[in-house]
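Letters A, B, C and D mark the chains as written, and numbering starts fresh at 1 in each.
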Amino acid sequence: MENNRIKKIGVMTSGGDSPGMNAAIRAVVRACAYYHIKCVGFARGFQGMIDGEYEELNARSVRNIINLGGTFLKSARSKDFLTKEGRAKAAENLKEAEVDGMILIGGDGTFRGGKVFSKEHGIPVIGVPGTIDNDIFGTNFTIGYDTALNTVVEAIDKIRDTASSHNRLFFVEVMGRDAGFIALNSGIGAGAEEILIPEENLGLERLLDSLERSRRSGKTSSIVVVSEGDKIGKNVFELAEYVKENLPRYDAKVTVLGHIQRGGSPSCFDRVLASRLSIKAVELLLDGKRDQMVGMLNNEIESCDLDKALKSKPVMNKDLLRISDILST
Amino acid sequence: MENNRIKKIGVMTSGGDSPGMNAAIRAVVRACAYYHIKCVGFARGFQGMIDGEYEELNARSVRNIINLGGTFLKSARSKDFLTKEGRAKAAENLKEAEVDGMILIGGDGTFRGGKVFSKEHGIPVIGVPGTIDNDIFGTNFTIGYDTALNTVVEAIDKIRDTASSHNRLFFVEVMGRDAGFIALNSGIGAGAEEILIPEENLGLERLLDSLERSRRSGKTSSIVVVSEGDKIGKNVFELAEYVKENLPRYDAKVTVLGHIQRGGSPSCFDRVLASRLSIKAVELLLDGKRDQMVGMLNNEIESCDLDKALKSKPVMNKDLLRISDILST
Amino acid sequence: MENNRIKKIGVMTSGGDSPGMNAAIRAVVRACAYYHIKCVGFARGFQGMIDGEYEELNARSVRNIINLGGTFLKSARSKDFLTKEGRAKAAENLKEAEVDGMILIGGDGTFRGGKVFSKEHGIPVIGVPGTIDNDIFGTNFTIGYDTALNTVVEAIDKIRDTASSHNRLFFVEVMGRDAGFIALNSGIGAGAEEILIPEENLGLERLLDSLERSRRSGKTSSIVVVSEGDKIGKNVFELAEYVKENLPRYDAKVTVLGHIQRGGSPSCFDRVLASRLSIKAVELLLDGKRDQMVGMLNNEIESCDLDKALKSKPVMNKDLLRISDILST
Amino acid sequence: MENNRIKKIGVMTSGGDSPGMNAAIRAVVRACAYYHIKCVGFARGFQGMIDGEYEELNARSVRNIINLGGTFLKSARSKDFLTKEGRAKAAENLKEAEVDGMILIGGDGTFRGGKVFSKEHGIPVIGVPGTIDNDIFGTNFTIGYDTALNTVVEAIDKIRDTASSHNRLFFVEVMGRDAGFIALNSGIGAGAEEILIPEENLGLERLLDSLERSRRSGKTSSIVVVSEGDKIGKNVFELAEYVKENLPRYDAKVTVLGHIQRGGSPSCFDRVLASRLSIKAVELLLDGKRDQMVGMLNNEIESCDLDKALKSKPVMNKDLLRISDILST
């Protein structure tokens, strides 16, 4: 790998944290050590860049963190970085620190900020997709998504224990304001009766029909997985009320899984994904590339322009809705 | 063990289900097989006794269930059993089924029903304490409590990942309407900053002081564990609002753990406890005893009159509040 | 989906069991119910076909099993099925049961038996790849592989706790007699120092060099993941001895993970994979196809001739060895 | 709490590590902060005392470690401490560091060393029982034991998945060279057929009888839990061979769980136990006590002379063998 310009790389995590971010940081740091360049970690995402809060990281700094949830560099959303002044301050700090390129681990808000920053100040950035929502174009999987699916499925397994002991209906709200990836896949994995996602409004009628049909077919308990951003026009508590009114035989309960979905030790899949993507990110910088996002497409590590990643939305596999229908027969 | 009266024992689970109830049923069934008496399982607690819904259980009926959450006999709250007619119907069914004694796995509601039933119809009952709340007198531990503690602590570990990545304050509501056992022990186990329980109103001032002190001492994130039935006069959402208003530096979030606390594979402790208590319950019936509750006191399996168990409340170890204070220094 | 021939489908699991097999059976049964055809389950793989041990399965037969490890239809290796007589007996039983097509969930031994059987007796078979080893051509992932990776990584996380507390070197043997998929991916996920796989003999010298370099670079504990079928010419105990002799500063210990890798509740990934593959298998039969294997290739569900699947070996991504090298810097 | 002598306390972990040791260290440090005294942590047990390897610990040094397995102070067995010179060097270092008392977290080897050291050099020591083996007199539970039981039971749950899928017999070796606590309790919790422990030699005949009886009674798979130090005169591999020879219908396999039993995130029980014991240890020193061990007896935190703890053996509850017999009916 030839490289006559990059001598020091900065790394940060930004936006909502996700399991595997520590594995990603570790891989950036180890790849820098492997290629004999320096690495500094900025705290709290863009805010740490503005505040000049960073430290040098070597191969030993990241030992025994691959299995930890969260991000030891901490994350934050920075209002200051939305201003020209804030970004200028960040650029100044980077120059002072002699950072030749930045690796940004986060979601599309992070990448959007990074693109503007790179254009304004000429510092190359590479995005590594880290978010549990899996809502980034240019990669089949984002870091943390697989772990979040397991967390949701394990939680619903527990809820099913009590649901089936009591012949109850449970509405379980999972994360995903704009994308139904978590709801759809965890719903299938958890054996949910119905799955409500932002991408498709199946209508309240269908929900009642489906639950009624289930009951008549001999099912005594049911789980409905609901995405935060479901399009049915009711939140999870209103849904439960609506069903109780219209299907009085059902004893409907609600659970909102909340922030447990963001934490936890990353799955093997997320650790390997984070490692591969982050090494690629370092290699892209060394190779003179800039303003790219790394991703896993069809099991290969690829890269694309940040612009392209930001302009498009990942396509939900609608066939999974059909799968879910068949499985809840 | 001499026994010239008991030839068939009935078993049921009632009230809120808890992890380890299957292990308890299994132990009842296996103990019956061991002592060469018959065993029948009633579905859905008292309701199944009224509806005559039962089946004979042998040693093989309960294989591979020791590790499963919930209760395969199902549980329910029965309104019919609150009526004299309902109980008479249940007694009739028991006589028809030739059941000589009942083992009731559940909480104090279950035991109360059982006592009335035994008095009215002369059928001996033995109570086995199964509830996650640990709020039964006459035993140091109820079946399911230890598992629930682990579930809560694992969930808060995940929340702490994201809390400390984002420097946030989290309010986590756990089960326990009348008793703070879960909140107090899981709060200590999870390293919570503050713990709010039904038994003690520490006041809002103290909460604000404590959080403010923590922040000044360098803590960047905090967890407050709140029992459903906290006595502070605000629910968990109101508490978070109150803190946000009074301590604007804190970004406070709320998670309600909900029904995941009732499910899951039981811990080793709960499996062994359930097994020991349930075998004792069978042996008490064989020994001619009636209207007793089994319990574990100071690591020994004991029994006491149901009456006594129902008249008293278990004493919360208040020293744990002091422990919690010291640990959140 | 038009279908004028298939009225009843048989399903079985064969070879080493893997997490997700129950999810696969469930999906076969539910898809049959959805398409209004009958389904029978054969016990203990080919042996149950020979012994005529089967039962009809309907949508309710498979409730609450998606989360359970193992296979409720049980699995076995059948010597009788290797004989022409055995297979003839199986075919006879299938005809008597009016089974029009078989779905075989298992590995390449299972598929090989199925192909011979189909050719001899004209009964269409579809293979569903279920094995933790991921060593099947025609699919990027086999059912159970992802769960096994998580099991291994969680076990090594525990071992690392004690390894780093005691500054120890651990050799951990994982499954994989002929394929290093588990070793390579779990090794990266667990942050292993070195990974020994059947596909590549890195030599003992390199192992010693690498460990010695690690020690000098400040690492105080290390994990080496060894595939059962490593090509280095020593088993895991001999390896540990060899290292102790040649690097006396190291306190080397051995753990053989063994059969825990085959069990456990399947990951979300494996549940969704099992569901999608198995529905496709039913649809292929309904569509008049035969002697195919279903697989997931580049995130799409595909199928290929059993012949082709059996003639080829999946290709190990050798780039992962390079990744592992970089990460253990 | 009056205290006119103790101004600084040292803490270390020694012997085999156990889950909860970090929670114990954290509680020592936080209690010191609470009582306004200083705390230093010594690395690698007695060896760090000899090598003068220590650092000051404040309340913030121990944040976010309550949930981590292992011990961040590291542990070791020290040959040097067995010599008078070694201990003199340690005492010198302690005086230089102005340490007024030591808290030793470990097992009986640790306490034995501590007692000799205290006698020779007049530095008060308090022992906190941390070992997975539960083989310490003066406490019902040692730190790490409950977690180890859960680890074993979860591992055997996985093994049972594959055992019952294949109708197999599994011999599972668990830790416990001199004490059968882990084997007996995890065996009951895992639903084992037979449990072999160091305290009781049931004989090979009984094992064969029991397995044969099980098979005839319809059991198709079985688990036998074997303590490392079983008294039957055969190791776990020889046992499996013996059974295969004498009961040829059984397909017997072996799994040695090994060091996974030492690691992992501590259970809630162990975290609370570690916290309570360690706070008590600090308070004993402040109270002028010396050469004591803290323990939990009948749910209360107590202390006893180290001498007494070292002279006695904890009594195994033999009734559990009878329980195990009944449950494997």
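Here is the rule we use: a residue touches a chain if its C-beta (ideal position, glycine included) is under 8 Å from a C-beta of that chain, and two chains touch if they have at least 3 such contacts.
Source: prediction; values computed, not measured.
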Those chains which touch chain D and also touch chain B: none
Which one of A-C, C-D or A-B makes the same contacts as B-D, at least in over half of the residue pairs? A-C
Starting from the mean Cα coordinates of chain C and chain D, work out the distance between those two points in Å. 36
At what distance in angstrom does the C-alpha mean of chain C lie from that of chain B? 39
Which integer distance in Å separates the CA centroid of chain A from that of chain C? 28
Which chain A residues touch at least two other chains? 157, 160, 164
Touching pairs here come out as A-B, A-C, B-D, C-D
Chain A partner contacts - residues on chain B that touch it in the complex: 13, 16-17, 19, 21, 44, 68-71, 74-76, 151, 155, 157-167, 170, 253-256, 258-264
Complex contacts: residues of chain B adjacent to chain D: 26-27, 30-31, 33-34, 59-60, 63-64, 66-67, 140, 146, 149-150, 152-154, 157, 160, 164, 185-186, 188-191, 217-219, 265, 267-269, 271-272, 275-276, 279, 298-299, 317, 320, 323, 325-329
